[in-house]
Amino acid sequence: MQTETAPPPAASTQWIGDKKAQRSKVFDAFFSWATFAASWGTVALLVWIALQVGYAALPAVKQYGLGFIVGREWDTNNDVYGALPLIYGTLVSSALALLIATPLGVAIAIFLTEDYLPLKVRSVFKFLVELLAAIPSVIYGLWGIYIVIPITTPMGNWLNAHFGWFPLFSTPSNGPGFLPAAFVLAIMILPTIAALSGSALKTTPQALKEGAAALGATRWDVILQISLPIAASGIFGAAVLGLGRAMGETMALAMLVGNNNQISASLFAPANTIASLLANHFGEATGLEVAALMYLSFILMALTLGINAVAELILERTGATTRHL
Amino acid sequence: MDLSRKPRVRLIFSRAMDIAVGFVTLAALVPLASVLYMVVRKGAGNLRWSMLWELPPAAGMDGGGFGNALVGTLLMVAIGAAVSVPTGILTAIFLTEYSLGSKSARLIRFCAKILSGLPSILAGVFVFGVLVINRDLHLWGWNFGGFSAIAGGGALGILMLPIVILSAEEALLRVPRFLREASLALGANRTQTVLHITLPAAISTIITGVMLAVARAAGETAPILFTALFTSYWISSLHEPTASMAVLIYNFSSVPYDNMVNMAWSASFVLIFIVLVTNIVSHLVANRSK
Amino acid sequence: MKNLFVLTILAVLSICSVQADTITLNASGATFPAPIYNRWFAEYSTAHPDVHINYQGVGSGAGIKSFTGDLTDFGASDAAMTDAEMAKVTDGGVVLLPMTAGSIVLSYNVPGVTGAIQLPRDVYPAIFLGTITKWNDPKIVAANPGVTMPDLPITVAYRADGSGTTFNFTSHLAAISADFKAKVGSGKAVKFPVGVGGKGNDGVAALIKQTPGTIGYVEYGYAMKTNLPMATLQNQAGKFVAPSPDSGSAALAQVDLPANLRAFVTDPTGDASYPMVTFTWWLCHTTYTKPGVADAIKALATWCLTDGQKLAPDLGYLPLPASVVTKVQAAVSTIK
């Protein structure tokens, strides 16, 4: 499946003039060099960012070492910094958001790529979904405060009153917390997941669909057995981009997550995330706290790396990489 | 293809799934519509045409607009796109056409994925540390130091890059292999194949990715706050503090002055309207050029 | 497409480029005084079209960083600058200029209670420590005769973002409560033992409005403009004083500014003084090498200290007392 296509023989001279061929050869070399440079430029950029962040983090790394990762306090006054509640909050909020957004996003994508609606209506929907990615996160934050929290708070309190024994509902809701944060986060990444999953689903060759239909397959036989498997890697890619956005989201989360450095299993408890703490503290931070914040950023980058590595492994195991036909 | 179950069962299942997916889509559209409705209701109602060319008001003042922020956002997103779109697409081409399945391709894709999870504020912190803080950083006759539209655009470019790479890569991968093989068999070289066959076949999906990147960049506050700062005046060069819609929205949404809060909503409305127009126009242009 | 984009932008740029003899001052820092600063600069610019001032509230810490890195012509900070921070500024010294002041209020949402709640000096630190947890706590009831306090748990709302507001609020609590000083201390972002964090004044205000029983601290200007209820606090002299421009100015008048103009009003004396007030500073160089900058800053600061002060009460800030203005003016005149 992944065999390299051998470079074509130098036969091109046969159908274009010699001079032209020479020029196109030079251009070919230049172009492949440009793609090479761009790719490694991307790698260099990441390394540069990592070095810059790592260098700024150095004082905190020296001071706290690996204990930083399991520390539970973030106390600017006494220069005591620990990342555990933040790591926990980041992972849980992004996982929840992805859990909500992926099925919804794929459902939207299926609905908008299969011929449920007239083409005109579909493209209107498609544009609407894409442009939701343009709403500034501050606005999502305000939407969360004024629309989502008034809904989740009574819901949380009711669940807590009746099912308080269940760890997920073990605290009452004071407004901000995991649930509203993850919900708003899910809505924020929904456009990315829906738009890119839609693109992936659209590439199913019409001939395959028609062929299946001719065999008597229903619409959902086609979707489940042909379209989705073909689009699996694309959907996965969309989810990865969504996850990236979710883990790195700052402003909206800073407004909704409650900003409390605690580890609680409850969905309604206020929590905190790495990016949110970064946004809240960076402007006023001085001295060792700046280094600690950079250390935290470094951990976030490592987390993204780790999650992607795991995801890639899973994808390989399950053989979902049906990339080409 | 497994069609072993009875046609009737499969048909009922299919109908049920139709209803289910329709229902889920509707359920998902409710919050999406709610956000959009909130922005449109609060933003469009207070929108005056003069907002588009007037300068931002200060606390307790009436009127004003966000003309300079609009220009600043267009400028910085354009700079970000000018940096990230070619780089991103070239990278995607390298990944799919030149090094498919190789170790280096894996590494590069990995780096792009990690970049996609970079908190936006870090892009700002990075550019601040590399460009802004070196006040007189002259390269190729340009001053890259200090607060500037260049620094702001650069920070946005960093955010856009992974989105462009990853979506363009997916798009290119989905171009059927036989198209490339046919082109190569006809004697076209790789570059010709990429530019005339693969890229045009994938362009519509690539544009979707670029638009998502543009949309995200246009709404980002954190990377611009520390790199482009803000100004209440028109900009006269690329080397000075530059206003942006996102920072204006950030500033104005948290103050207790009605005029400014309303303007934050109007600015959000205009921002998504511009993204919508850009989106439609770029799809039209791409479809025409096909 | 992109070409069109760039062309449009260039066209716009060429239309609105300004005349060359304009002097531009760049500044960044504290977010708390950003509204009044931007108002000042807008008014000043209208009167003096040849001076442009860019100010962005990025936070005092980031503002100090930019000022130290010589990226801005002046900075702004709610906590002035420490001696260590000032030592890092290379060319010449730093002049600290208190330019305006504000008060911080305790705002709350207690259903059924109209009128201002009175909170004694030993009560409100305890609320933020989490030791007083009910609105019908005997101490609160005793301070509010004739008011029926509900049997409702108290939810504390604090600023999650680092801020000068938190710095001044906690400095005051630490000054009046040894317990608070020991357990929490003072700073721009502290670890409150209880409560939920909101981002910015608006975040805290939303928390207060949405959850009955919530109490939080916000800036006076914010509470005034958005009609939030404000608690009457007991000052050092034992009197209950409501927040207002007058009671705030009375507190400021009690302060004797030292030579470097850096003074924190953590617990003002005087019967009419509202207990939680704070100055906020500009950070300027003693000498400027760029031509015209020193004169521009001096003229600007002088205008802000005179005409500018008149705008303060409307925007919810405190006008500086005359004695303070004189001292700051003297400091302004030393800038070269």
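Think of it as A, B and C in the order they're written, each chain with its own count starting at 1.
The rule is short, and it goes like this: contacts are C-beta pairs under 8 Å (C-beta built on N, C-alpha and C of every residue); 3 or more make two chains touch, one makes a residue touch a chain.
Note that the structure is a prediction, hence the values are computed from the model and not measured.
Between the chains A-B lie more C-beta contact pairs than between any other two chains.
Summarising the inter-chain layout, the chain whose CA centre lies farthest from the centre of chain A is C.
For the pair chain B and chain C, the distance between mean C-alpha positions equals 36 Å.
We define each chain's centre as the mean of its Cα atoms; on that basis chain A and chain B are separated by 14 Å. Among all residues of chain C, those that touch two or more other chains are 58, 62, 203.
Annotation for chain A: residues touching 2 or more other chains are 146, 279, 282.
Residue positions of chain B touching 2 or more other chains, listed in rising order: 253.
The touching residues of chain B, counted against chain A in their complex, run 1-3, 7, 10-11, 13-14, 17-18, 21-22, 24-25, 27-29, 31-32, 34-36, 38-39, 86-88, 90-91, 93-95, 97-101, 104, 107-108, 110-122, 125-126, 129-130, 158, 161-163, 165-167, 169-171, 173-174, 176-177, 180-181, 184-192, 194-195, 204-205, 208-209, 211-212, 214-216, 218-222, 245-246, 249-250, 253, 264-265, 268, 271-272, 275-276, 279-280.
If you check the complex, the residues on chain C that touch chain A are 31, 58-62, 64, 85, 155, 160-164, 184-191, 195-199, 203, 206-207, 210-211.
Partner chain C is touched in their complex by these residues of chain B: 57-61, 71, 74-75, 78, 81-82, 132-133, 135, 146-147, 225-226, 229-237, 240-241, 247, 251, 253-257, 281-282, 285.
Listed in rising order, the residues of chain A touching chain C in the complex are 73-78, 141, 145-146, 149-150, 153, 174-176, 254-255, 258-261, 270, 279-286, 290. By the touch criterion given at the top, residues 2, 4-5, 7-8, 11-12, 14-15, 24-25, 27-28, 31-32, 34-43, 45-46, 48-49, 52-53, 56, 103-105, 107-108, 110-112, 116, 127-140, 142-143, 146-147, 183, 187, 190-192, 195-196, 199-200, 202-203, 205, 212, 215-221, 223, 225-226, 233-234, 237, 240-241, 243-245, 247-251, 274-275, 278-279, 282, 294, 297, 300-301, 303-305, 308-309, 312, 323-325 of chain A touch chain B in their complex.
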